[in-house]
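Each of the two complexes below includes chain A, the first together with chain B, the second together with chain C.
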Partner chain A sequence: MSALAAALRKEALIQWRSRAQLLAVYLFGAASLLLFSFAIGPDSAALRQHSAGFLWLALLLSSTLSLAESFGHEMENRAFEGLLLLGAGPRSLYYGKALSNWAQLSLVGIGLVPVMVVLYDAGTPRIPSLVAVIVLGTSGLSAPGTLYAAMTAQARARQTLLPLLLFPLVVPVLLASVKASSLVILGDPMGQMGSWILLLVAFDLIHWSLCGLLFGRVVED
Partner chain B sequence: MSTPALAVDAAGLCRRYGRRWALVDVSLQAPPGCVVMVTGRNGSGKSTLLRILSTAIRPDRGTARVAGFDVRRQTDAVRRRVALLSHHSYLYEALTALENLEVAARFVGVPAGREALEERLAAVNLADRADDPVSTFSAGMRKRLSLARTLLRDSAVVMLDEPYGQLDPPGFRLVDRIVGSLRDRGVAVLVATHLLERGASLADLGVILEAGRLVWSGPAAELPSRARLDPDGEGGA
Partner chain C sequence: MSLPAAPFPAEDRTLFWPYALAALGLALLLWGSSWGLFVAPAESYMGDVQRIMYVHVPTAWNALLALTFAFGCALAFLVRGSWRWDARLEAAMEVGTVLSALLCMQGAIWAKPTWGVWWDWDPRLTTTAVMVFAFAGILTLRRFVDDPVKRAVWSAVATVIAYVDVPIVYFSVKWWNSLHQHQSSPETVSKAFHWPLRINAFGILFLMSGMIALRARLADLRRQGEMAPPLPEPGTVALGGAR
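Moving on to the complex of A and B:
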């Protein structure tokens, strides 16, 4: 537990010192939302109908930036190897990094909601439910995203390689997140929300467990 | 657990990078409290040897026990007893000197309070730069901070890869003092360096590597006459 606390403290320090990057990721997501809205045109009903899909596309694209960068700090001066040689457990390092990425992506996602509401006329009184879906969905992106970011961190084309590996894996998460968000925004007369949330929770549990187990294999020589 | 008779006991170590063998059949023994100088030309395998013994990389062949533990099968146990000063500083550029030490101290499990860490920084003459980010540090200052980080834990074996690199003359003397104090405490120290005269005066044993092979080992005092690291035979530096 103390190793996880140490890993979280490290992440908090690094996130604080490089906080401008969080703003950059957020602005990228907001710009993506703006550009997607141009594809629909001025049809407010269509905009509202597709708002959840575009919110998650913007989040997915933003996530590749922040996930890839999250290991940038670890690779310069081989700081990550230094921690492993101090005896830090790979699993603690993984969960520290994944939780940090999750927090960052959740913040970006929640911050994009007002942009979506304004650009897509997608206001909803059920904001807490939408936030809950964002938190669950970004959890499903962060767990495998952190593992793949570690795998691709030393590759020259990591910005390309990461989405190529990550996107196919997170299709179910993306699908469930878009459907659940749509139901929050457009209403849920058939009561389908529960099954999508269940799917998200199941994927989150599987990814967080499996990736934690695999991480040691990925980062050791 | 009792102290092992040999702090480092390696036999037949081999390591390959792609098709090139960086280390071929290297054996090395060092008792506790012994300072071993590892020397050789650039690319002779010094860093590879230290990286294998510190578990940063695995050997392709051969066996090694460090502080009594197998580097292949008991990696965690070795890591808790070994410290490596690497070519890579292992520092986070975005963090301050103090924060870098704090991060490492929390993982090692030593006091991570400001006062305790400032003492560590003072020991390497960096107390006045405690709150400056590492990205503003010179190469020599980074080396000093890496030294402080390396010495956070009381290790059974300390490996210093080119510890004099980028340091000024006071830095040289600092490294000498550190190595002497480690030896006095019974710590085995492996020093990879090109500075033959300096290393030989500190070390008990000497090892010369050439193209990944161990070509000589013996008393460190004989090193300067044995090693021919540059065309002038002065051992580089």
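Moving on to the complex of A and C:
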């Protein structure tokens, strides 16, 4: 537990010292939201209808930027090997990094909500529900994303490889998050929200445990 | 001029069986397909378009079988750490991905005259497309990692995760309205269609098994070449043109 706390402290320190990167990722997401509206044109009803999909696409694209960079500091001067030699244990290093990525992506997602509301007229009084969906969805992006980022950070062409590996894998997260966010924004007369949340929770549980188990193999061999 | 008696080292004579299996599979595939094209009757609603079923359904079965085998190889590699399983993983994943891509193409060719569209966002189709991209991504990863140990471990880990994801994708998209028909069984398919379907299923199975065995051999040879100690400096040993 103390190893996880130390890993989290390290992540918090890295996040704070490279806070400009968080801002860059956020600006990228906001710019994507602006660009998506050009695909539909100035049809406010259609934009509102598709707002949840655009929000999650922007978040998914932004996530590849932040995830691909997340192991940058550790890979410099083979610092990650040093961390492993310190006896921190790969599992606590993984969960520290994944929790930090989750926090970062949740912040970006929550920050993108006002941009979505303004650009797509997608206001909703149920903001806490939307925040909950964002937190659950970004958790599904960051668990496998952190594992794949650890692999691709050591490979050539990491900016290409990470989305190639991650995008097919997170299709269920994208589906469930878009559906759930859409139900929050546009209303849920048929009471479908529960099943999408259940899918998100199931995906999160499977990937947070499976990726934690396999991370040791990825970094130790 | 004297040439060596055999172009391959003695151990390569074991390649006879994969080649024989692939040849048998190809022969069965030709037999089953000509039966399906020329002997079996046309289906009463779809007409001749239905005949693509004789390759489409066996391709689907074998693609899933190959990817399941790849998943088994990934687990075996992670548990036992033997290079043999890594080579089999690469072979099965490559053949399975090609078969899944073929499956999508055959489905699209059938869907255009039947459904009126090339593609539909149906659970079965979406799942297959996700599967193709997930495994193609892992094959790409293998090309970008130079260290054989890292390449083997990472692709095994990624295969386990991708394979676990497929049922989740399947169930998540199942809640949408489905257009693709359910699995056929001998009870739901006319007896006149059984034999070409069965012959082709075994044909593709044998062809696929032969190809996986050959591809695994190639992967193993490539890995041995990568891990071989560097050649001595030129000049110390005559490096003749012959390989």
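Everything that follows uses one rule, which is that the second predicted complex is superposed on the first by the 221 of 221 C-alpha atoms of A that agree within 3 Å, B and C clash if a C-alpha of one lies under 4 Å from a C-alpha of the other, contacts with A are read in each partner's own complex, and residues count from 1 in each chain.
Keep in mind that, in the parts below, a residue touches a chain if its C-beta (ideal position, glycine included) is under 8 Å from a C-beta of that chain, and two chains touch if they have at least 3 such contacts.
Bear in mind the structure is a predicted one, so any value in this text is a computation, not a measurement.
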| item | value |
| --- | --- |
| Partner chain in contact with A:G187 - chain B first, chain C second, else both or neither | neither |
| First, second, both or neither for A:S2, with chain B first and chain C second | first |
| First, second, both or neither for A:L161, with chain B first and chain C second | second |
| First, second, both or neither for A:S18, with chain B first and chain C second | first |
| Contacts of A:K10 with chain B and chain C, given as first, second, both or neither | first |
| Which of chain B and chain C A:P114 touches, first, second, both or neither | neither |
| Which superposed partner A:E81 touches (first chain B, second chain C, both, neither) | first |
| Touching both chain B and chain C, residues of chain A | 221 |
| Complex contact set, residues of chain A against chain B | 2-3, 5-6, 9-10, 13-14, 17-18, 73, 76-79, 81-89, 220-221 |
| In the complex, chain C residues that touch chain A | 78, 126, 130-131, 133-134, 136-138, 140-141, 144-146, 149-150, 153-154, 156-158, 160-162, 164-165, 168-169, 171-173, 175 |
| Footprint of chain A on chain B - complex, ascending | 54-58, 75-76, 79-80, 82, 84, 86, 88-95, 99, 102-104, 106-109, 133, 149, 153 |
| Chain C partner contacts - residues on chain A that touch it in the complex | 144, 147-148, 151-152, 154-157, 161, 164-165, 167-169, 171-172, 175-176, 195, 199, 202-203, 206-207, 210-211, 214, 217-218, 221 |
